[in-house]
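Two complexes, one shared chain (subunit A), two partners (subunit B, subunit C).
The block that comes next holds the complex of A and B.
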């Protein structure tokens, strides 16, 4: 799915966010580069602790001590967000860039009504008065499929179900017509039938608003459903970066490869799960060389010594691995035979 | 297939809703409402459903960790709902459970070796001297070095703790193991390791599993037969292949179609259900699924459908397939 005329909306370059803890420096995000084009959805996928959420928080500049972005650039519509003043940042958050969080119960304020919380951004960014903002809130709630919005707008978060709260949060995110949406595991806490509702809703809204989305998730199924391009993260770095078809059919990083062959899935009958051995390394004690090497069956001495760079294998396909050729040999005929 | 090792008959578990100063019971949460099924020796029965559907309460009630309100549980030919506390404790040696959260299900103040040895000592399976040797063997079997037995749970990662939980269940040489969302809290790459381990152990020791999960992909991989629950009831039960290839209940169809598949080329017709799962404290009249059902008929809002065998081994609770309901 190649976008028509690709116009860059966001450019993240060499982003480094470290946590200065008592036990040492945790390099949660350690040199991350990616672009988001207008109207596209970029999937950011990885396991817990790989740095995908920290990346999002760094873009929004929402990190607190001991976390600090120590390097890189985040260029949004031509401006480096990392150099902006807090005031300037506040003008962007919730207006041009909006965020949807995983747990709407903890990210909505329990003591204010849904309507009040949606109105807040409308009043600040679009200078609406109370009545206009309330009317617009009702309209937004209707748009995200909340029944009887005139009544719901006066209710508190605890009066809504999990799926409805997530809809309300999406309404809030879309309120000021953002050009970039960042969703951090927005469906992870939801039941599967509700997840389907929310994904369908997000797809429809993205199209309607022509907004870009960074979708952060650990669920490769969700990625396959919504993303145009994907960045796979492992231990604070992007290890593979390409369009959606390549990632799922011709992955070239052993970690991506391993993730795809290890998960149980509905579309293929699997005899045995090809599990990745070992566990995600402790960020205070990352292995030397390639961070994936202790779990990698392609690993050689070189991998244990020297960290590979993220290199272009083909146009639009970047991989961080010394042994791309050997992996290529294995996936030559496509990862999934018989699909 | 073999004989049933576990027969659940009309199992009911209601929880009272209490209000006011005198804690008067004002209503009931019908967590499990007339559930019947068999689990055969050596098989894995997958029990799937969304949060609040009663799948965990079903497992806890079978083990009598929650006392059933009504109904029978026949384990190995004996009705265990009538057993006295002491006899029940003996019976539980044969029925073990692995919990979802490996953080809260292991006592943080006990060493791993004592957590695993506790059951074996309680049931006098081994004496104090031999028990730790056995603990070491069990740890090795689940993939943890035996010399880690002197450590405390917090020294292990989530995946390792789940392995400890498996070793603890394994220690009692049970006939059936209930896995209650045993892999749900784990990261993708760790989850497949644990699923493989559970499968290997089943091959080796011929366990029976009652595998409870909300993730249909995992259920499809691990189960021989699958039952789906909705608001306290089983609505469909069938062999895995039939369940996934030819589901009959509209809820099952919607559930399967809702699962995101990690393949961008995979085309399917998605049935998006409207509305939310109703509360088991106040389930809809008639068929509990009818307010969200895209096939609902008049009768569905009035009469509760029974779970009937529409084809050999394929049970469905839906008026659409019920001869009395008029259709097919």
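The block that comes next holds the complex of A and C.
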């Protein structure tokens, strides 16, 4: 499924966010490029510590010392967000770009009612008065599928279950009708049935509000469910970037390949689940050459010497690997069948 | 909130504290009824005689004083020093009653003001961090390095006599504790996701501190404040006792004790003869401070989740 309108909403170009720690500079995000089109969902996938959340926070400019965005452009609706004033940025946050966090338990303030917290953004950005904002909050809660919203608005976060809280968070994020939603692992802290419900809800809401979504996750199942296009990140860089079908059926980067083969499957008999050997490299001591080379079974001397560029393999499919052909061969040999 | 109140009333020690406090509140509110003022300034303790020696409880107003009131055309609404007089004829009962108001004024104004200053400096310091934190905390350290009583005494001496000067001195050297406590709580609270979520909603820094962080972090400061009300009154009393506090004749417990200084032992051969000069103001100070400490203690037990056994 491709996006209906190919109208660019967000363009991230050469984004570099470094952390200046006492032990040295950590290049958490090192030259990331991607686009988000209107109405589509981009999945940002990777292991913990690969820089996906930092990318999101860099777009929102929410990073505090020692993190600093040192290069690149984040063009949102024609404006470079990195050059905006703090005040200008604040007007965009919550109104045009909203964010959903991983932990619904801690991302709601325990001392305020749900209604108060949803109202806050409405009052700030849309200048509603208390009564209007409350009425709108009830409406939003109804929209995200919370039963008896008239009563729930007056309840505190601890009175709601995890799934309910995440719904309330979504209501908060959607309150000012944003054009771009950034969801940072919104389903990770929830159990599987609730995860499915939340994803369904998000899909429906995106359709209704005609909003775009950047879905950050390590869960390929979530990506398969909701994304149109996928960017796979490894060690601060995008290693593969393509539409959803290609990623699942014809992955061309060994890392993506590894991720896919390490998903337990019901339809294939396997003695032992494949896992990618080794760990994510220490960001202070990245290996020379391709950062994936110590864990890659395709690695050659060239990989250990020189970092591959992100090259276009076909239209809309970019891969950062020297051995695309060899990976292609293996995929063709049927090691990976359709999802 | 309801639970807090219920606990406050179900606990014996806190109940004692509340009753004591209620007793003082009633005295303070009904001071004009309990001890009607005889002059225009109610905080001016009326004198029952010119005698240098304290007079025993039940001492009636001397004729020459009565004569003055009569010639001034003032109605004398009462004429017996039921708790006796201090040296110089100052009525103990009257000074006790109006001194309650003074005590509340000192305690609440100094604690409230220094708490506000402390909250402001501490929260800004913690929230913005970096060099802001560094500068503000070093200023706090400088203020902390003065011994409290000595510093307050010196400042009061410089500013001059008067209760307002005492309070200014107490506030100037009393805010650092609150700043430290709130800084610590905000430092940990600002890492919570809801703060990031609030930022992601485009909420201003000031509002995040005021509406999101302080309600989550203010309780330890409130507990500290309620316990400090008592000690502020003691310090003010100490300053009065040292002679740098309230002006002569002002209805203030500390000054009463200061007046009693020469009479504590009594005349030779009559030990404790003038017990009333020190007993009444002394017991009032003790009970007042005790009331606040008991309440502060219970508040801490209730509001501190670690002591509550929930963490």
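Following the convention adopted for this analysis, the second predicted complex is superposed on the first by the 325 of 339 C-alpha atoms of A that agree within 3 Å, B and C clash if a C-alpha of one lies under 4 Å from a C-alpha of the other, contacts with A are read in each partner's own complex, and residues count from 1 in each chain.
Simple rule for what comes next: a contact is a pair of C-beta atoms (placed from the backbone, for glycine too) under 8 Å apart; a residue touches a chain by one contact, two chains touch by 3 or more.
If you're wondering where the values come from, they're calculated on a predicted model, not measured in any experiment.
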{"item": "Side-by-side fit of subunit B and subunit C on subunit A, or clash", "value": "fit"}
{"item": "Touched partner set for A:276, first subunit B, second subunit C, both or neither", "value": "first"}
{"item": "Partner chain(s) touched by A:197 [first = subunit B, second = subunit C, both, neither]", "value": "first"}
{"item": "First (subunit B), second (subunit C), both or neither touched by A:63", "value": "neither"}
{"item": "Touched partner set for A:223, first subunit B, second subunit C, both or neither", "value": "first"}
{"item": "Which of subunit B and subunit C A:75 touches, first, second, both or neither", "value": "neither"}
{"item": "First (subunit B), second (subunit C), both or neither touched by A:172", "value": "second"}
{"item": "Angle at subunit A between subunit B and subunit C, C-alpha centres, nearest 10 degrees", "value": "80"}
{"item": "Subunit A residues touched - subunit C or subunit B, whichever exceeds", "value": "B"}
{"item": "First (subunit B), second (subunit C), both or neither touched by A:108", "value": "second"}
{"item": "Partner chain in contact with A:126 - subunit B first, subunit C second, else both or neither", "value": "neither"}
{"item": "A:263 touches, of subunit B and subunit C: first, second, both or neither?", "value": "first"}
{"item": "Per-pair minimum CA distance [subunit C against subunit B, superposed on A] in Å", "value": "10"}
{"item": "Residues of subunit A contacting subunit B in one complex and subunit C in the other", "value": "none"}
{"item": "Complex interface listing, subunit A residues touching subunit B", "value": "47-48, 161, 163-164, 191-197, 199-200, 218-225, 244-245, 248-249, 258-260, 262-267, 270, 272-277, 279-280, 295, 336, 339"}
{"item": "Subunit C residues touching subunit A - in the complex, by the definition given at the top", "value": "129-130, 192-194, 196-204, 211-212, 215-216"}
{"item": "Subunit A residues touching subunit C - in the complex, by the definition given at the top", "value": "60, 62, 64-65, 90-95, 98-99, 101-103, 106-112, 120-121, 124-125, 169, 172"}
{"item": "Interfacial residue positions of subunit B with respect to subunit A in the complex", "value": "50-51, 157, 159-160, 187-193, 195-196, 199, 214-218, 220-222, 244, 254-266, 270, 272-273, 276-277"}
